[in-house]
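Here subunit A shows up in two complexes: once beside subunit B, once beside subunit C.
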Partner chain A sequence: MLALQLLLNGIALGAAYALVALGFVLVLNATGAVNFAQGDLVMAGGILAAALAPLLPVPGLLLLPLVLALMAGLGLLLSLAAYLPLRHRPPVAVFISTIAVGIMLQNGVTVLFGPEPRAAPPLLGGGTLDLAGLVVPEQSLAIVAVAALLIGGQQWVFGRTQLGRRLRATAQDPEMARACGVPVTAMVMATFALAAAYAGAAGLLLANQFFVTPTAGGDLILKAYIAVTIGGWGSVPGAVAGALLIALFEVGVSSVLSYPVALGALYVTLLAILVFRPQGLFGEVARRRA
Partner chain B sequence: MRRSLAFLLLTGIISAGPARAETLNMPVLVPLTGFLSLEGTSQRNGAVLALRGAQPPGVTVATDVVDTGTSPEAAVTALERALGRGTTVAVAASMLGTQMLAMLPLAADYKVPLVTVSGTASITEQGNPWVFRFFPGDAVTKEAHARYVVEELGKRRPAVIYQTTAYGQSGRAHLAERFRALGAEVVYEEGVDPAARDLLPVLSKALAARPDVLVLHLHSGPTALFLRQAAAHGVEVPIVAGSAMHQPSTAALLDPAEMKGVCAETAASPVSGGSPEMDRFTADYRAAFGTEPDAFALGQYDGTRMVLDAIARGARTAEAVRAALADGTHEGLAMTYRSDGTGNMAHSAVIVCYDGTSRVPQVVRRYDALSGSTR
Partner chain C sequence: MPRLLPHVSSPGGVLAVAGAALLAYAALYASPYELRVLTVAGVYALAAIGFQIVFGLAGALSLAQGAFFGIGAYVTGILGSRYGLPFPVTFPLSLLLPFVLAVLVGLPVLRLESHYFALATLGIAQVVLLLAVNLPDLTGGANGLAGVPGIAAFGVEVPRGRPLAAAVWAAVAAGGLLAWWMARGRWGRALTLVRDDPLAAATLGLDVGRLRLAAFTVSALYGGAAGALAVHTQRVVSPEVLEFPVMVSVLTIAIVGGRGRVAGAILGAVLLLHLPEWFRFLEQSYLVVYGAALLLAIVVAPYGLTGVLERLLPPPAAVPVPPRAWAERERPAGTVLCVEGLSKAFGGVRAVDGVTLSLEAGRVTGLIGPNGSGKTTLINLVSGLERPDGGRVVLNGREVTGWRADRLARAGIARTFQTASLPAGTVLDAVTAARLDRDGSIAAAQAHAGHALERVGALHLGPRDGAALPAALRRRVELARALAREPAVLLLDEPAAGLTDDEKADLAARIAAVAAGGVAVLVVEHDMDFLLPLVDRVVCLDGGRVLAQGAPAAVAADPAVIAAYLGDAPS
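Then we have the complex of A and B:
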């Protein structure tokens, strides 16, 4: 029974991490840039949801679209401030600019909202369900459902819509896309907006169960980076698999070994993957695309 | 030209007027950003509230607040800059141990007392006469923590869950030593990373060791997370948490029912009241900062008031303030402060408990004159 309980907790945590990693992969694919501010965008989404909750006392489900819209706006600002002016510079310039934006977000949130940990409202209800002896937080089910919807929605947009085709074209070869009439700059901005919206969703979902502080972003970006490295640089299914693997170590392995040892085992696994399968678990797709 | 003339006239009028109050400086150098911003903000607020209060007669004590972030270099730079301005008689200094350790040699060079609420034991073990800690160290608070568990609750099989940070390791060491001295057997202990998001694994392993009490020494967020998961899983083993639990920002994360029966150690709990003076401090703090005070804010407030009292009694130099802090006694709001000869001013702790209907805990036990020694 405990194993089932831990499995359920691990899936919910992995789903939230997947949303963090997904936004990271989107920007990576569209621009080739590593957006180190993604973790702080998740933090900002969580703080935003927590700050809006007293003003709009509605369930998190109704708050979610507003958080997505505001975060998308923040993503647009991020692209204008930290990516577009530097896109023709060496990649390290964007690394640094996104790190700087992340620090500014952390300190800005501390100044504007205070340093206290905060909790966002639950998506539907904050209670727990008793399913044959399993204690299932409603928020855990909501996290899994929202993550599945957003990931499925993204696959649909990318696979079946004109916008998705333009986004993919921009990601694969911006010069050729531009030659074919694709508004590459607009597509890049749309990608940043989408990635920030994902971060907002992840922030709202994580901040209810696990709370959020202004400094939470650093750990989240590390998780996203590891998930993407494990899954395959640029692979969406790989990012999801990597996120679930991290959660497996954090919840499953740590229930047998201690938490610090479980984290150590995760990093040893990461090292082994880098040595024996440097393209990551789902790296084939990325290599073919490249 | 006209503006310059007006300025000259104004300064002339001021200097020709009645005798001006002497201005002394007490800068506030604390971490307002970074991982310790919550506690650092409390520290800042406590110092600022004290300095905004009644000033010593004939003296104006001015202050600058500087964010030291979390790096020792930033703290040292802030201290150097602050000491370069006017007559600095004391500094409200960072509660971050690594920053304090970096600032201590500079304080000794410049001969200026540092007034802090840092819990890091080693800052008062350097033989530096310029540091004064207005918050009980782990040796003191963990003595109260363990004694409450063993002597008041009658528990003998504690499971200890602590943070893997320096804060957590220090608390674990003191708890282990204290439980051993009290004859209690620690049946399980594990360190948890502050970034851990699911504490069910450690909770289930701790319960498997069949403890009769769960003893926590975690930061604010992890404490709330642990209590929430324990409540969701119907854990009936009593929980006695560390001082992070008493912080109003921790209680704000939980429903009162999730805290039912939970107790915690702390230096003080201003929101719990206890005296008209404490109630006034809490009301003033809320009015000034729009938030609830915690023990860090109160400790820094008391420490700053002791400096102001020394100035009111005639101390006009850093050396005179140091002597007053080293040899004097101060009846603060949280406790009576007196140096043990190494700069440890606080020797009391309280236990607070939550009744499940409110986020404001009740003080159930007070421990005074704690030595922090098992010998």
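Then we have the complex of A and C:
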């Protein structure tokens, strides 16, 4: 019974991590660069939700579209400030420019809202359901449902629509996509907007149970980075699977030992994976340039 | 690179004047508070100098420099305040622990792509911070430890104020000189090639993983030293020293100051540590300004302030070193390289499928075949850029199957690339890089590089920017770079592509001359008018297998070869 309970908690946490990792890997594929601000975007989404809640006393589910829209706008700004001026430079330049944006977000939020932890409202209600002896927080179910919906939506857009075909073409080969008339710049900006929106959603989902502080992004970017690495650098389903695995690992080890031990063990496991299977558990998608 | 005795109108001169002004300010005018700011700036300068080596020179984005700083700080803090150990004990240990950690983490990841290195170093930082907060019995937890003693050694105590500032800046001067000396020598040049083109570095005999590991461990030493001095300055240690803002400060200092430059690290540290002082109204939001400065620098001035300085006051061109031939050695005749049953598959595609061939000293072998027949993959296998799935490679009677590229290069295999790319910097520097593991000094390497350029008729290109050359000239320089290796086996991937007929004739004569010196040459080429008169033998690949081999005329007339090229049965 305990195992089932932990499994449920792990899946709810993993669903939120998956949104973070998904945004990370989409930008990675579209630009070939690491967006280091992804963790701070999650934090910004959480703080945004917490700040909007007193102004709009509605359930989190109704705040979600607003947070998604505002965060998408922030994603566009991010691409304008930190990616487009550096698009012809080595990927490490974007890595550094997004570190810069992350640090600005982190400290901008501290200045505006203060350093104390904040909670976002629950998606529906704060109650729990009793399913055959299993205590199921409504929030956990809602997180899984919302994350599944958003990830499913991304898969549908990418797989079935003209916009998705253009986004995928941009990610596969920007030069060729441009030659075929795909507006590559707009597609890259759209990818940043989508990644920021999903980070914002993750922030809203996580900030209810775990609270959010301006420095929370550092931990989240590490998780997203590890998820994408063990899922196979550049693989979208791998990133989602990697995020779920990390969350289950973290919840499982924390329940027996403690969170610091869990993070330490996760890191040692990561190093072992890098030594023995650098292409990730499911194989690397992004081909190395020879 | 600033020279030691600079002309005053050069960047080095400007920096020397600025340094003297700073020294005068510190010695004569600065208040105790201002001295403290300067001392902290010195601490950060030291950490940033180490970061310049791993990131600026070797190009590996380490996110652990803050962690090394923090570990050095905690070692000094714990040993000093809990156990009362003196500076001569704590300081070396503050360097040792970061060093050991850098070796343990660097070994597994430094051969991987750089984004895995960034991740692994980010992980160290998070784990160490978590440990510091959650081991209160050792570290004092979130509150940290107070009562760390000042610097005292052999009966001499260094009090706060000018003496401490002088001690810290003496460490900066010593560390800076050491780093400057390392950066300007062969090691520094090898690191920059590893940064700009790791693939070429490996084919020129440089062990990319080992060089990156060395740079990473050196950066850890600087980080640990800076952390120890920081704690002697603050007299307390708390988890703040391990938090991400330290890393961001070091990164910002290095980028704003000037990537890869020791002077940039010092300039950046003095500037950025004084920024919050000059803009008091910013109060706690100075990190927002750091972020903005970092973003602005990376977008507008990627080479930082020293880069701007060098552009405004370009240093005088280096005096050219006269070319000098290396001592030619006796080369054994006969078979040099034997490839037996070599295979490589990518996914389900068998790119090279059981190829057997041999190369003889003094002979030129042509390798032909339609696009996708496995020619380049074969060269990649023999030069070590890909690992074969099966088969053997024997070089001079020694089995070398599966060796890494740098080891094969040192064993005598040299190659060129189809794309012929050269790193930014002068042509002479690019060719000099090929001699770094052979010659005892940069001057000797440059003289020999000049000889290699002379042999392909490209000595006049020496001072030009390699990356900006047209493709045909880049190919020629690349050939010189391969010759500078004094190879036993030379693998040329489409050397004549894009050349005019005259240039092709010139190239053919030069390749023949190289072979006449006893080198076994393999040439991949589509242009039969160029290839057939040049070569002694031809091997034709199709679908990863050897379709035909033998004398040029016989292979060219082989119906199967003609069919493979034209995609049709001959009528």
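Throughout what follows, the second predicted complex is superposed on the first by the 278 of 290 C-alpha atoms of A that agree within 3 Å, B and C clash if a C-alpha of one lies under 4 Å from a C-alpha of the other, contacts with A are read in each partner's own complex, and residues count from 1 in each chain.
One rule holds in what follows: a contact is a pair of C-beta atoms (placed from the backbone, for glycine too) under 8 Å apart; a residue touches a chain by one contact, two chains touch by 3 or more.
Because the structure is a prediction, the values reported are computed rather than measured.
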item	value
Joint occupancy of subunit A by subunit B and subunit C, clash or fit	clash
Contacts of A:Ile99 with subunit B and subunit C, given as first, second, both or neither	second
Which superposed partner A:Leu274 touches (first subunit B, second subunit C, both, neither)	second
Subunit A: partner with more touched residues, subunit B or subunit C	C
Contacts of A:Leu55 with subunit B and subunit C, given as first, second, both or neither	neither
Partner chain in contact with A:Val34 - subunit B first, subunit C second, else both or neither	second
Touched partner set for A:Glu250, first subunit B, second subunit C, both or neither	first
First (subunit B), second (subunit C), both or neither touched by A:Ala132	neither
First (subunit B), second (subunit C), both or neither touched by A:Ala3	neither
Selected from 132-140, 474-482, 528-536 or 546-554: the stretch of subunit C that, after superposition, runs into subunit B	132-140
Common ground on subunit A, meaning residues reached by subunit C in one complex and by subunit B in the other	106-107, 110, 215, 219, 258, 260, 263
For the subunit C and subunit A complex, residues of the former touching the latter	59, 61, 105, 108-109, 112-116, 118-120, 122-124, 126-127, 130-131, 133-134, 199, 243-245, 248, 251-252, 255, 284-285, 287-288, 290-292, 294-295, 298-299, 302, 380, 385
Complex interface listing, subunit B residues touching subunit A	32-35, 37-38, 40-41, 164, 190-193, 195-198, 200-202, 204-205, 220-221, 224-225, 232-233, 249-250, 252-253, 291
Parts of subunit A lying in touch with subunit B, wherever the complex brings them together	2, 5-6, 9-10, 13, 106-107, 110, 114-119, 128, 135, 137, 206, 209-211, 213-215, 219, 250-252, 254-255, 258-260, 263
Of all residues in subunit A, those that touch subunit C in their complex	34, 81-82, 85-86, 89, 91-93, 95-97, 99-104, 106-108, 110-111, 215, 218-219, 221-222, 225-226, 229, 233, 258, 260, 263-264, 267, 270-271, 274-275, 278, 288, 290
